[in-house]
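Below, subunit A partners subunit B and then partners subunit C, in two separate complexes.
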Partner chain A sequence: MRAEARLSAWLSDLVGYLPLAILIGVLAYISLNAPNFLTLRNLELVLMQSLPVVLVCAGLAVVVMAGGDDVVSGGIDLSIPATAVLSAGITAQMLTLGYPLALCAVAALVACLVVGVINAALVSRIGMTPLLTTLAMFVAVVGVNNVVTASRRINVDHPWILALREAEIGGMPLGIVLVVMIVGTLFVAAHQTRWGLNLQAAGGSRDAAEISGINPGRLVGQSFVVAAVTGFVCGFFVLARGSGSSPGVQDNLMLEMVLATFLGAAFSPRRVVTLWGAVLGAVLVAAISIGFKSMGVNVFWTGLIKGSLIVVVVAFSAMAQRGR
Partner chain B sequence: MRNPIKAALACAGLALATPAFADGHLSLDGKTIGVAVVGTQHFWDREAFNGATSTVEMLGGTVVPVDGGRDNQVHADNHDILLNSGVDAVISILGDGAVEPKFEALKNAGIPVFTVDHPSPHAVNNTTSDNYYMGTTIGRYMADAIGGEGKVAVFNAFENALRICGIRAGLWKYVLQDYPGIEIIQPELAEEFANAPEDARKKTLDLLSQYPEGTLDAIHVGCWDQPAIGVVQALEEAGRTDVIVTALDGGPDTLEIMAEDGSPFVANVAQQPNLIGSTSATNVARHFAGETLLPQTYVDVLPVNGQAEAKAAYAELGYGSLD
Partner chain C sequence: MAGITVTQAAFSLSDIVKIFPGVRALDRASLEVRPGEVHGLIGENGAGKSTVIKVLAGVCQPDSGTIIVGGQRIASATPAGVHSAGVRFIHQELHLVPHFTVTESVFMGQELHGSLGLARRKMRRLAEAFLRDNLGLDISGNRLIRDLGTAERKLVQVARALIDGAAKAVIFDEPTAPLANEEIEMVMQAIARLKAQGIAILYVSHYLSEITDICDRVTVYRQGRTVGVFDEISDASAGELIYAMIGREISDMFPNKGARATGEGLVVDGLSDGAHFDSVSLTVGKGRILGIAGLIGSGREELIDTIYGLRRKTAGSLRFDGETLQVATAAQAVAQGIVLVPRDRRNDGLVLPMTVAENATLATLEANSRAGLIDARAVGDATTALIDSLDIRPPNVDAVTRLLSGGNQQKVVLARWLAADARVFLFDEPTVGVDVGAKAEIYQLIEDLATKGASVILSSSDPVELLGVCDQIVVMMRGRVAGEVAASDVSVDNLVAAITGAAMVEGFANAR
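What follows is the complex of A and B.
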């Protein structure tokens, strides 16, 4: 009997490692078939292309940590990508009108904070469902951005913004260094501070947190404001990546943010959304999609292949959790 | 107008069948060509992409295809992937200003860039429709269709963002300067790049409630015609028969709408996206054969004025029969 239990635990552990194993297998297959995939240059390309997604994923991870990781009833913030394009739109429009970058950034930050505070108020004061609230906010904020930019592409060539894409610090691209610092700061805040521990306690069990004197509503509200700030920062990386603001960027960003964050949960030992899991998820999704493209996979099939891969990984993760 | 087009098609057909191809004068043997397209949902994009990829393969080359999913940033990023995978040349289809620094990086790495519908200082050659002719022709056709006077709403989000749209919408406006009775409603409408028909449908319904029966004569789409699909839907939903629609591109989807009885969609200028993509691929081969290319290669277009011409164009461009 005991041997059987051990075998089943061993099997469940094995299933638990499958998501990671599958992704590593796919990456190994790609590196054998795509020229120049296993090069430093390509690693840099993967990291650079994933930066905007990494930033919004980090924001989403904080919201999920505070609200719990039930996709429907727990913490989620779908409005972050909209906040990011609003930040990009306001900055691009004001730069075109001749305002200094610092003033543009302040205006964009204020707008993003307003979005975060409204989310916080609607969810933690009025008690609306985060999923619906932030989906509605996504639509509303994209609408505001369409007004700000008149739904038009705006070119940006400010040297400081282009530096996020082109400048290097000690041989490392500046953009990567900055994002590592931002994610590192969020990690320390979420794991090493009292605020962070309370945040995780609130997300783990709302009732238990309340009994121990924590105010979960307030923490959930704060998490939305943090998420809005990551959206604000992401806006500048969106501008740098595209040399300006192009309409429609938010849709793909939202899809990749949700996929990468919840894919990231498959890598955590407890199958929960974590900051590092979300970041790793974002980088892996970028690596796989770049890999398929470098391999010359038929463009009409890449969506199906990527989608199926994610379903398989998440399914194994769910099986491993049930096995526990 | 049709005969010259037929002649052009025949010439293109002949060119493909000439011994120049047969004796291997033009060849992409052993070459890897990256083909970056902004999206594959729309007929135009897909056909230009198919024309380019099939011609590269026919000339013996290998294709590395990348699709931007109708997202200009993803499209621009895809050029980095092509740069890194070490292709010999890149064919880039459409795209906004975000692609320029990527073209520059490719050029600096010694990888020649060939664009489709995107003039760029970093490209060896741009293959495109005769956009000048398209813009003026649709201006004349629209002015005629409303009797030379009236109010016109225009979807024109990309005039300043994409050069081809600047040419098409700019020359449409240039023609209208000679029709003082035609007024362009301000502000102009801005269509979305992705999901264009549905977006334009909603915006047209709003416009129609703002301009009741008798106060609006035409809706023009400045640079393409996917939004016009939504415009026609909205006119039908609102039961409006007093407004005509004009646009540019003329793929099978919009020619079918124009061919319907009583269609409000009365004028268009049809392009040949497959031939454009294919011509660009041939230009790549010419470049590698040591030929000097002109900065722009123009591919003929086919003006379509009214239902009968829509049916004829549909057959002539090889989309089938609508009779």
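What follows is the complex of A and C.
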């Protein structure tokens, strides 16, 4: 009986590593077929491209840690990409109207915080399911952004925003340095502080947390606010990457965010969603997108492949959980 | 007051009364636990053990009575107040995060901080030292909870409650229920170490053999009252304790056993599920009622679920009249005439928002349909007949089952299977939460099924019920059949002794 249990644990470990193995296989295939893929120049491009996804993934990781990693009933925040697009839309529109950047940023931050607080209230006060709540918020916030921007593209050429893409600091691109600092701060908060451990306890077992004197509802609420702030910051990187705000960015961002964050669980030795796992996942997913592009794969096919990868990742993580 | 009495109790509750709607859960119950003793608290299900623990924990306010902790009278107990007075609770459920380390679990909610964030190394050192020195568990603080055995997890849970060093009294609620035999010793030794440190220990358990082994004194509850406090406990005390716990005769609420059909019926041969029970063999002849007795964790529930195809079996087989049954899913079980009246009827047995007719014919829609459409008249007629034969009240096919009483809900569950024409009936705790009158009716229905030639298995935690209803009783203990006896050959006391592991009783044939 014991030996069987060990075998099944070992098998579920193996299954847990499969998504990672599949991704590495895909990357290997790309680098064989697109010779320029593994150059330093290209890898920097991959990193730069991945920055917006990295930020929203970090936010989602915090929410999943607080709410638990059950994709349906646990913690999830699908509205982060919409928050990012709203942050970008408000900033772009106000810059066009001639407001100073600082004021635009404050307005965008306030708007994003409102979204975060509404999510928090609906989930931890009223007790709605995070999946439905944040999906509804996603739709509503994208709607608000369409009103703000009149659903059209707005160019932005503010030097500070373009600096996120072009400036360098000590030989490193400024954008990468800033994101590393932000993610580093979140990492310390989520993995090296009491707050972070309590957050993980709340997500790991709500009852256990409650019995230990932790207030899981409050932590879940806080995680949504943190996520909204990462959405706010992400908005500026969206502006920098696209030289402005354009409608529709949120869809791809959401897809890659969910894929990368849950993929990240495969990197963690404990097989749970972690901050650094999510960030690594985001970079890998960006690498695949760019890789397919440089191989000349049709954009439509890229969507199908990414969608299938989500299914595979979630299926394997469910199988790995069941083996436990 | 003339003079102050110096109490030597770590905590005491006197004359506690707690009334829930319709039930006197506690009726002048008392309990006194002294430092450095292991004090047992026993009683049947519903005797008030859990309620008194909730009162002490401050989760549930008593209607009257006195609570004294550490010599201080507590006017109204709150969870925080009781905790700071040094009373700790080890709940039956482990409440641990599977992917946390031992260290993280021990310090959950009370993490230590250094100047540079979490003091992980210090916490690990303290957790490992506490587990080793105070609980006798030598284990790395970096192991993950999900990789530990159940007894090790239990000790981690204990360490979490005691790591702050302020505990004066610890309440263990059924600590060994999920443990295998060889694991129990680990927990027992840990409790002995705590006792040696002068901590007061309240030990709540159904396992009388553990109570007589480990406890210095024992309090017995029955129907919310203290019926005895035993100061000298030895292995020979089991008889007295059981008598105090049961204190009643088999009443006349049970039906007379009628003539029985003959035939091999259901044979369960060497059934295992790889985790909760092992090599269980049973025979339930046609027209026979087999009782299954056993404590929580004896594998009784899982056995029933496996026979019904809800759990996967890892070994063994099922036969009916010599013909092998393939039961991998509940649908297959029903197709082959095996049906279950589940313990949680509100969640598993009924679709509460649906009507009596809809619930009663759920398994027989095929027969009541024409060309794929449900024949409302056929459904109505079939249900009316069932309502008549089972005396379901109100006798209304369109009544919503949510609004029925517990006993009548149970009859609707039964009606569905009567409609399906089953040959093996599994009853899992059919009378939990059912009033006395409805109980008698359910017993009569079970007897009627047997008279008509069905093979019936009744799994129950009520020894009196088992003796009153069954022909034969199998006792399960920690996943194995510990013995089998004819109901007419055993007294309630002896049955309880066998269930609780207090004694292996004469008249019990040994496990095959």
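Note that the second predicted complex is superposed on the first by the 274 of 324 C-alpha atoms of A that agree within 3 Å, B and C clash if a C-alpha of one lies under 4 Å from a C-alpha of the other, contacts with A are read in each partner's own complex, and residues count from 1 in each chain.
Heads up, the rule we're going with is that a contact is a pair of C-beta atoms (placed from the backbone, for glycine too) under 8 Å apart; a residue touches a chain by one contact, two chains touch by 3 or more.
Only a predicted model underlies this, so the values are computations on that prediction, with no experimental measurement involved.
Per the definitions stated earlier, placing subunit B and subunit C onto a shared subunit A by superposition produces no clash, and the two fit side by side. In the superposition on chain A, contact is made by A:243 with subunit B only, not with subunit C. In the superposition on chain A, contact of A:214 is made with subunit C only, not with subunit B. The superposition of the two structures on chain A yields an angle of 130 degrees at the Cα centre of subunit A, opening toward subunit B and subunit C, reported in steps of 10. When subunit B and subunit C are set side by side, the one touching more residues of subunit A is B.
Contacts of A:192 after superposition on the shared chain: subunit C is touched, whereas subunit B is not.
By the touch criterion stated above, A:49 is placed in contact with subunit B alone, subunit C being left untouched.
After overlaying the two complexes on the shared chain, residue contacts for A:300 are found with subunit B alone; subunit C is out of touch.
Of the two partner chains placed by the overlay, neither subunit B nor subunit C lies in contact with A:70. In the superposed model, A:155 makes contact with subunit B only, not with subunit C.
For the pair subunit B and subunit C, the minimum alpha-carbon spacing after aligning on chain A is 33 Å.
In the complex of the two chains, the subunit A residues touching subunit C come out as 1, 4, 9, 188, 192-194, 197-198, 200-201, 204-205, 207-209, 211-214, 270-272, 324.
For subunit A in complex with subunit B, the touching residues are 34-36, 39, 41-42, 45, 48-49, 146, 150-153, 155, 165, 238, 241-244, 246-249, 251-252, 290, 293-294, 296, 298-300, 302-303. Residues 91, 93, 95-100, 104-105, 108-111, 113, 117-118, 144, 146-147, 160, 274-275, 278, 314 of subunit C are the ones touching subunit A in the complex. Every residue of subunit B that touches subunit A in the complex is listed here, in rising order: 37, 40, 49, 62-67, 69-74, 76-78, 80-81, 84-86, 96-98, 100-101, 157-158, 160-162, 187, 190-194.
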